[in-house]
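There's a structure below that I have some questions on.
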Amino acid sequence: MIGKSMEELKIGDEASFQKTITETDVYMYAGISGDINPAHINETFMKDSMFKGRIVHGMLTAGLISAVLGTRLPGPGTIYLGQDLKFLAPVRFGDTIEAKVIVKEKLDEKNRVILETICTNQEGKKVLTGFAQVMPPKK
Amino acid sequence: MIGKSMEELKIGDEASFQKTITETDVYMYAGISGDINPAHINETFMKDSMFKGRIVHGMLTAGLISAVLGTRLPGPGTIYLGQDLKFLAPVRFGDTIEAKVIVKEKLDEKNRVILETICTNQEGKKVLTGFAQVMPPKK
Amino acid sequence: MIGKSMEELKIGDEASFQKTITETDVYMYAGISGDINPAHINETFMKDSMFKGRIVHGMLTAGLISAVLGTRLPGPGTIYLGQDLKFLAPVRFGDTIEAKVIVKEKLDEKNRVILETICTNQEGKKVLTGFAQVMPPKK
Amino acid sequence: MIGKSMEELKIGDEASFQKTITETDVYMYAGISGDINPAHINETFMKDSMFKGRIVHGMLTAGLISAVLGTRLPGPGTIYLGQDLKFLAPVRFGDTIEAKVIVKEKLDEKNRVILETICTNQEGKKVLTGFAQVMPPKK
């Protein structure tokens, strides 16, 4: 049940997770985060905006990155130290997002790993990019 | 319903949002994000860890920052461009987290604003810090 | 509030429950069960499959049987001892499923009852069949 | 993203998934399944019963088996054909359940696999046993 340790991780290792993000996800996330911005829950307000309708919270999409790091690479036991995020394009209700992480750098003496993190929609468009810093599990 | 525009925002302006994060929040967030890492949903696995029990997803705590930006400062109409996050300490089920944002820099010609973002627990301990970059609404 | 006892149950007694199963049900169930199989939450992956789209978890459909047993026949106080399930056809988002249970056998000396369990979709197609073994409430 | 095929599966292969089942899970599952049996949602009714309090729906626990089959072994692409379940002991709110599946039999000509399925609580007590029949993904 324990993920990959520093020794087992290699530069270039990658893993991903895909999910179709639904209205249900957005509405439940609005309740959990308290982010009741009309951008996410007010169709009347948004249908005349540049987005032409409600959009998914950027931070909800970012959660898929956390899912990959915590369940696949490095996996269970990983400690999440930091993440930077660039929100590049809107995610709409019903989009299928793939979150991919790629090992980019190993800081062995500090037991830290830097991973590139990329979220792409069903048309291959990047919607979110950035880098994660994690402490992989010890064995 | 529209938030503050570039002209209305001043360096040093701040706003915050507080929420007690519950087991329910964490379990629903695990489903939404797909992050079913045992750190969040397996008490048997976690009670003997350094954390002494299940902890809240860092990215769920980060959602409170999004809530402040999107509903209070700058508020509705804000476009979230980027965020960097440093996860400093674990958040436990039942902790009350305050997310605060403070206007730090105004890039007028690009219509962008940099805000410091700080999440603190009920004991005043910083659990998450970083900076947000947003495009405030136009009027 | 107590259901039917051994004495009150007769061979051939039946009861049913119907529900339209929604995307919301499937997404919340994915979080509860941890079953984030792409079959249920990834439309891009599934639209080219033999199912032509996301399908409902078979075990979610089975929950409707539990609902009939625990609330209608025998009803509250029933102890669920066993169930066998044959998944015969996919259930799609928006399908209306009827779960029906029919008393087939009474094992009086052991206070056990065998019920046939059948789930049918809105077109009358059987999607799930099997048998339940329960201990009806005592009075 | 595709799970193990018939050729890759070996007798004795096993996989598992653990989750602490909470009141939230039970209440959300009650809504999804329609199983509002007082055994699960009425503490007053249940505190004087032989169970001394509300218990988890047996079929909710069974969902963890579906999670292992659909995400780990055989994994994505698996078609669930059948399951039999023996509910052996009550699961209480807060119990940490491990669902384990073990490959027992391969019916090559029919592309079917039989797996033993066992759910155990945090004290090692078996709460649910049975057998699953699945069609593993083709490659």
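Note that the chains are named A, B, C and D in the order they appear, and that numbering of residues resets to 1 at the start of each chain.
Here, contacts are C-beta pairs under 8 Å (C-beta built on N, C-alpha and C of every residue); 3 or more make two chains touch, one makes a residue touch a chain.
Nothing here was measured: the structure is a model prediction, and the numbers come from that model.
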item	value
Higher-contact pair (C-beta pairs counted), C-D versus B-C	C-D
C-D, A-B or A-C - pair sharing over half of the B-D contact pairs	A-C
Gap in Å, rounded to a whole number, between the CA centres of subunit D and subunit A	28
Gap in Å, rounded to a whole number, between the CA centres of subunit D and subunit C	15
Rounded Å distance between subunit B and subunit C, as computed from the means of their C-alpha atoms	41
Overlap residues in subunit A, where contacts from two or more other chains coincide	1, 18-19, 25, 28
Residues on subunit A engaged by subunit C in the complex (per definition of touch)	18-20, 22-25, 28, 94, 96, 122
Subunit C-touching residues of subunit D, taken from the complex the two chains share	1, 17, 19, 25, 28-29, 31-40, 45, 57-60, 62-67, 70-71, 76-78, 80-87
Parts of subunit B lying in touch with subunit C, wherever the complex brings them together	27-28, 30-32, 34, 36, 41
Residues of subunit C that touch subunit A when the two form their complex	23-24, 27-28, 36, 38, 41-45, 54
